[in-house]
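Mind looking over this structure? Questions follow.
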């Protein structure tokens, strides 16, 4: 009994002291991201991309020492909020980043930016935060959620498809995806289907799809749902007759390994691709491969760019973030060599950037990857920028 | 009409999958009176092992056999190490310990296989489609799943009605004390039944591998549907599990297909689709509630 | 006809699959008598009691208790009519004290127990009844002991005490002396003797000595069928019983 | 006997004192996060105590308790949503707007959770044992999908609240005040539960846990008692959910996910089932453990899983049992 009490006391003591000690002058950056659950690899890539940028300049960003605090939100909004609370209240973090999923972002971001923290999103870009609920302390270095769907829609439209079947999970990001697609696709909708979130078997939807006889399919099914869908699509023999299109989310290099042959030839919209021809990207892809032994995904590129953007702003204020206004305007003007080529923040502090459609191919090394197929947009501005008033 | 028949096949395919899952679980419930939440983890492990073997050997059959054997062993190991200690305990302890197993196995796959889902291809000789009914090509792999499921059901039926071991198990499910009276080594029998349940779960998992993403946590969604099946079918009854599984499979599949269509007659398309999808995701639970009101012990309770 | 009969069972049938557990049982229990039910293992005694208590419903036939048809009445309502039972396997509330066990039995008959606030053990109204029952079953000094810690015999006494606490019209005792040492068995016999009169008792028991001492009438059940009913005297001389049961079992 | 009684009082008193002084400790350590963390702990403790009423006292092994927790949270979320959007909650048959009045909203949360638990309980209690576990689980999942599909209220994304519900005089926006508010609710609920389990009603419920069949043969219509107990527990969980929605200023269907029910069960068992202090200790221990492990390793669940199994197998009586050193029997 006494021993047990002792253990409890020690545990508590360790807990209290467990907030790690960091060097006093380093700027703390809090990263709330998803590392566990089946979507954990997304956060892992964002974190690894971000860390790569720090490691390349030996623990510094923009010449300023930084400490990266990472914690796993387990894809739960409540947990994300709790970690953000801890970063702010215990660690005194002023700059945060890392959130993968829009629902976590919607729970965490509005509160932290109100509390005076600068949040730079390396992935999630829900429409509310780009439009009505935008905030001067909120930046996004990835995209507004609709962008990649819009690019795919634009491509499908230009490629001359006239009867497209579209499907997405029955949740807000799914609705946004189909809305984004339809913003640029002008033809007929052969069918619009919302599936159960987390659904694994699409046999029923595929049967209905076949019966609708579309000339192309657009789908947004992130993570494992997408893998299941693509595999089952190929098994139903549909990939031979009806081309499949979608946003990049189901076609990153790590998912492609799980989908395999079934994905070859699929057109997908993305702001980045490993074969993008610019020096920054070549350097990044090579360095990432060397450091982690795998090809980076777009998430890794976003993590890397986010680190560079923060670095540029830190450099401009000489690592002094006591004046948040100065840091904020430095970030807004941040100039850095983005791995995706052109990059600047628009009026709502979301990227103004080129967006491409990529095609899935089998690489020379036998692994599946994407190559740029066509540029869909140049200096694209998201649809919500005009709604944003500070 | 063509579409309807095709959807029936899809429902049947989900149904036999659920049957493979619930047959083992319902026996474990019935005989050992143990609630095992980690049954989904065995399904997941089956899929992971099969996917790994396919990647290294390229042979689907070999992968299937390895997954069955390895998972059955794993199941027996779990029984010996953890579950055996829980038979006499409260159901609550069983829930928590097996919940702990779920957490452990989910994290284990992440540590061993990494975070991204694993790839498992359909074997070449099953990758084509077959026109079961003219005009509706159907993936031959899904037909293979249906056949395997039905074969398993027939096998179980013969085993329980024709073999001594099977009859003992069935007697045990109906009346636990009876098995002791028959002079059976209960400890061994329990381990074997658990192994059989694990084997069936692995069969479901390995067969699902080529259609679904093999990923951490894949067992939980099917686990809950399995529970619904068992509640509907009645605990401890293989026949109940079969009928319940097919029923749930068909309701789940047809609901997704038919409910939005039905609602479109009354509502504008956008809200009809949304409401239909929501109702469809709740339909099996509504079915379960209805069965419960009618027969609280399920359709075919094995014992009273 | 305002008869002397308390319980009247007519043509009771119950089968499990192919096995008939009760075939065509007719049974009458008079007010104030101790009626013993005997028979070899598997004769269907427990099944019969379960049907009388309402834990199991018969396939056909009728049960009439105190002039009222209770064939389909749920168990808890039968209990409130004055039909109490004790279980073959000791069935008390192991984690409660002896007193609380009795208190529960008393509580059951005082109307509803939807009283959420006042501490139950301070209720003055129940206390006298509880104490009388404790005294009757001989556990007054052991009242605060947690039931699981009582000896086997004491548990049996407690069990009977719970049934008695509410002065039931009919008390069904299912093998009250099973597993008891000789001393406790004597105590139990005295206990049963003492309650005879106000309460009718249906006694299922293997201890033939006790049965023949206590019972006013005996019914012999074999393979779910009553083969004879009568006074101990009659039963001990009945040829059918001797050959079917006593002849084999009690030599 | 007397010593044990004292030790129990000691533990109860010490825990209470610790919770009472925590904001002071936090400010002494300069760690404002501790207050937030322990507010969560208090809220989960409240949910765990309510779960223990059915689990530990009533023997109803519900794996769907989070359904009522989530329902309570959603009442707060939905009413706040209508204030934020300036829309009506109901336009027919009567016009109802949203609300941020804490007294009204929390009362509604409790009532509505009680209503839901009445509905689910009425169906689930027709069964016992394993079926009961599975059915409560399945109903919770059904509600989970219902909230996922409530598109108007953010679906899977949930609802982000702009502010906490307001009380007259009391400043709920202040973290320390809110902490004490939660502590107050917990103390009141534990006190009510204490009276409940020692009342006539409580005795019936405890009897039903130990021997259901016997209770029936004694003449108790036990279904009714169990249902009422289930509803009371659901109401408690609803209150906890309403507080949680206020604490995190966010609600989402994730609150109704079945693993969340599992976590609440763990709290009860870890702390000591069938006691009122145990679940509080359990909630504290589990949340601290999670907090602690996740800082040190990404794979913390690989440790939590086996830890749980060990607790179940070897530490049946939970923390409270270990601390009091006697068979837990909350007499």
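Remarks
Which chain is which? They are A, B, C and D, in the order written, and residues in each are numbered from 1.
Heads up, the rule we're going with is that a residue touches a chain if its C-beta (ideal position, glycine included) is under 8 Å from a C-beta of that chain, and two chains touch if they have at least 3 such contacts.
Every value quoted in this text rests on a predicted model; they were computed, and no experiment measured them.
More contacting C-beta pairs link the chains of B-D than the other of the two pairs C-D and B-D.
Taking the CA centroid of chain C as reference, the farthest chain centroid is that of A.
The mean-CA centres of chain B and chain C are about 46 angstrom from one another, to the nearest whole unit. Remark: chain B and chain D have CA centroids separated by 32 Å (rounded to whole angstrom). Taking each chain's centre as the average of its CA atoms, chain A and chain C sit 72 Å apart. Among the residues of chain A, those touching two or more other chains are numbered 35-36, 170, 196. In chain C, no residue touches at least two other chains. For chain B, the set of residues that touch two or more other chains comprises 107, 110, 274, 277-278, 281. In this structure, the chains touch in the following pairs: A-B, A-D, B-D, C-D. Contact residues on chain D toward chain A in their complex (touch as defined above): 29, 31-34, 36-37, 40, 145, 148-149, 151, 154-158, 160, 162, 244, 248-250, 252, 254-255, 285, 288-289, 291-292, 294-296, 298-299, 301, 319, 322-323, 325. Of all the residues in chain D, the ones that touch chain C in their complex are 195-196, 198-204, 206-207, 210-211, 213-222, 225, 228, 329, 331.
Per the touch definition, chain D reaches chain B in the complex via residues 55, 61, 63, 123, 126-127, 129-131, 133-135, 137-139, 141-142, 145-146, 148-151, 258-259, 262, 265-266, 269, 273, 299, 301-302, 304-309, 311-313, 316. Of all the residues in chain A, the ones that touch chain D in their complex are 1, 4-5, 8, 11-12, 14-16, 18-20, 35-36, 71-72, 76-78, 81-82, 85-86, 88-90, 102-103, 106-107, 110-111, 126, 170-173, 175, 196-197.
Of all the residues in chain B, the ones that touch chain D in their complex are 29, 33, 35, 82, 85-86, 89-93, 95-97, 99-108, 110-111, 220, 224, 227-228, 230-231, 235, 274-275, 277-278, 281-282, 285-286, 288-289, 292-293, 296-298.
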